[in-house]
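Each of the two complexes below includes chain A, the first together with chain B, the second together with chain C.
Let's look at the complex of A and B:
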């Protein structure tokens, strides 16, 4: 009910308002904060892809596969064709991830629960293995990614890229929100609740899951492409390794499944949590990050977003 | 029986599981709009029969024809598309969704139109249709209640309502009153049978309660060890010597306990 009230009509307005605020605030942010926010929002987009599967009752422990494919698509496009335009880069990331998602979808749509999670992990580690062994693909060092251009214009600061990231994040959030509200989007919960019923209503569960999987891969691939552009580099350990998949799952839990805005809030929070934890305790930062997750699971089982739900619910109640 | 007018024709249907015969030489015809009760002791092959018609189980041999089309071994979702729907012994609904959203999902999938699936779930047209269904099945009071919190009887109604939003020509109900309290049973069946008769849907239903069977069906099919031992109107079937011996038991002891064996086959 809470979720329904929140996401009824206000979500799109909220996304537009947040986009505008971020666009303005971004002008005044110091460089390191701007960078951190970009990394966070790019990861948030990847987590949005995971959220799509989560609502269907599926958890992927291998989404770094698509994150990595998106990132490497950007790097390889530059290496072989010299293209640095943001739109072409994004198209490469999105198409590469969607194609791989479409192919692997035929296998993964037959699995659920832990089998789905582990098989996803296995596929991502295959890519990791190939990358670190292959000189042509940059081996363990990866490649550097040159500064992104926008329709031939080479910006001098990172702000234009930041603006593009929040724009794409906002568009994706609105798109997924509209999708969740549609009949097709409600099939996510329906499939999670009862596959037999969905089949007997005349819809193929395998097809529903395949579709969501490709959609999810496309979002996460695009996110990987943006992350590579923001970082200016790709390498297997920070893009494809299982720890990256773990981070994405971590952020999903931190954010909660309540809203399409949650992954972005959670991901930015995670980025700065990690930065400060590292600052505070260079040798034990993982302890702080892990402790935070435990706290979230114990006290906010529906993630950081549930704080937002409380506020909005109270407002709703006051209105009558 | 006149073949041309029957909606379902079953010929020489057999099914065995690793040597155990679950269905043996089943032959029957169902006319449009007919309400048929299926009775039989536990493990007599009632649910197996229902499952073969809806494609959940593939028959070992024999043929099933629906509206002149061979549907033997069809996929359940294709059966749905051509107008054969079913409800379940254990309600199969979307437990975490509201009654209204359960029905809205069913309605949106019923018109097999991909483009309409992209429209909001609660579009005006769908909501209007949903309200009519809730009215007909007396579900309006529960519209915003989450399905997982409904009483058994209401959840059963929801299950059946979801199965018929696509206006099937044949509906199979597997023990519609199992797990429903005695005082709710007749109300539930009144609602369902009236709505279905109005719609002209033929109904095949598995039932253990002979009071229910007698009151609502045009015909009874009695099963014993995978075979139909009697196929006749209720007043004749319930007096049949074989039915009394193998189904009703001596002294017409009416069986009220659910069909555990078949239930586990479902899960």
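Let's look at the complex of A and C:
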């Protein structure tokens, strides 16, 4: 069934083709664009984690918790064991975030709406507080992360890491898409619409949400790990603070819930928006970023993705 | 599938067109200028007392050197014959953002050197990236000794002495001027600078004033916390009558205002390592009789000091910005002077416009005249500055209707810092051998 889905689905073709194009374009991009794109795509992966929950009507204001756990897993792994291999780093980020997500899931799966959002926020600020207070965990300074190696090979450029990030991004996008298409995935919107009916159909709502929450945590944790590797630095204010969670929600709104590709486009757009705003107005760059969000909410309530949808629909019509 | 391919091709094309367009917009600048980014806090609580004065200090001196209007020995036009094009960048937003922006400065803006940085957090985060991108980076203000102790950076320099010197000078001043201090406590920010400052002050006090003892519960609020009600209560309940603080930025102003109204300064003696900016900014609201340092021969400490460079700087700064130059104005100007001295030296040696390697070689171990004293880059294999540091007591000058420092004592370099190749903490623990002060 999965094979059939894979072969007949446009979205997957899209993702594969985008991946190939990006991989080729990446070879010719100057370093700063490559860097910005890596930061953007890594954040996009985290936003994909948020999107998973958003489809069920759950919004987490605390996903910086998993972003931070992933980033700090990479940094602490290096600090205490000296490991800099990309696969071990990724495994550490993924496992750490999933385990915490699994444990917290038992609590969070019982809450909806604002309670879910605020409780997530509370958990993330607990981690923030712990990091700030503890000198062994770097306190407010954090750590620097050395350049990533691949099976003992130290690449000269950032391109291999870029390739790895788009590969993981593509795999995650396909994975989430397949999940949405599965029976369990179809439950997501059903749960949002009417939980009691879902229960009568014989599914456990709590279990479906818990599973989704762990997936979401794993994606966001991996994203945090990749971000730390791309940047070479972790610190609580840029990784765990509520502002980071806010940024992720910001990008979700900017991207729109329309497709699994939307978070990546939104996050890359956000990254470059911030870079240019910072350059144009070093005293007031926050104003430009905030103004853009207002503009999006007013004029594109379904996010940047709705622009794409618009283009697609017009094409369909012309063909019809 | 085919349609999908088409769409994604479009998408990727749009993405690359977007990024490509921005590339063209920021193509390289002319070759006859040396492009420098000056990083300081332009937004947030550190902008007023540190970031803006620092930026102004750098701006003033860069413009004067480009025009050749500075007094000797910096009266030649340009930096090794070339003029500097400066851009000013915000330091706020956290270490990760700073690292990302630093990469942008080098790889996108194509700057030749980066000057500045106030927070120790920024400096620690930037140094490894400077090394990776092989870019000359001269730091102005940050104080953690860990920057060069345990690290061997080639591309990073610092024209400001580190926290050990500030702490030892503070302890020396207390021994010489306050005499009978036995118990002391502290309030410091919970990050590299604050933790280091307290640690070194504590050791220096034990060694210089035998029998004195530090509190078991010094306060470590978060940087930029802004509210210190709890900490002030705790400090007031302690027996120790001397309170040490390495607060800077808006925090020192907030602390002083909040503590004043509770009579804190009537009950405790307060020594502020880096709070001189608040003396100017708060004016009469800053308590008299407080021990204040400027981390070097800067700001209010040298306001009355004679000397052509110093007098030129104070007058030109007042004329342009309408206020006295503060501690960070001197620190940023000092970094620019170091770059000027190194580039002139490199140009004299090579007989041509110096390249990056030549500038770095010239800067290593450089000795240069700063605005109100001399600085030499002797520690950290020629990358870390040493210079004298002084403290004074705040008083109100009725003549000028402004604050001033009295009982000023300036301690020479050999009293404050370990010799080359010795770690600060070992040197302090060994009761500062060689520093007979």
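In the analysis below, the second predicted complex is superposed on the first by the 312 of 320 C-alpha atoms of A that agree within 3 Å, B and C clash if a C-alpha of one lies under 4 Å from a C-alpha of the other, contacts with A are read in each partner's own complex, and residues count from 1 in each chain.
The criterion applied here is as follows: contacts are C-beta pairs under 8 Å (C-beta built on N, C-alpha and C of every residue); 3 or more make two chains touch, one makes a residue touch a chain.
Values in this document were obtained by computation on a predicted structure and should not be read as measured data.
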One more residue to check, A:86. First (chain B), second (chain C), both or neither? neither
In the superposed arrangement, which partner chain does A:277 touch: chain B (first), chain C (second), both, or neither? neither
Give one of first, second, both or neither to describe whether A:117 is in contact with chain B, with chain C, with both, or with none. neither
Per the contact definition in the header, classify A:186: touching chain B only (first), chain C only (second), both, or neither. first
For A:132 in the superposed arrangement: first (chain B), second (chain C), both or neither? second
Quick one: is A:14 in contact with chain B, with chain C, with both, or with neither? Answer first, second, both or neither. second
Would you mind checking which one, chain B or chain C, touches more residues on chain A? C
Does chain B (first) or chain C (second) touch A:304, or do both, or does neither? neither
Using the superposition on chain A as set up above, list the residues of chain A that contact both chain B and chain C. none
Would you tell me which residues of chain A are touching chain C in their complex? 7, 10-18, 21-22, 25, 29-33, 35-37, 39, 132-133, 135, 139-142, 144, 146-147, 231-235, 237-239, 261, 265, 268, 272, 275-276, 278-279, 282-283, 285-286, 308, 312
Going by the contact rule set out above, which residues of chain A touch chain B in the complex? 1, 181-187, 189-190, 192-194, 196-204
How about chain C: which of its residues touch chain A in the complex? 1-5, 7-9, 11-13, 15-16, 18-19, 22-23, 42-43, 88-90, 93-97, 99-101, 103-104, 107-109, 120-121, 124-125, 128-129, 132, 190-192, 195, 222-223
Residue ranges of chain B in contact with chain A within the complex: 54, 76-78, 80-81, 85-86, 88, 92-97, 101, 104-106, 108-110, 112, 116-121, 126, 144, 162-163, 166
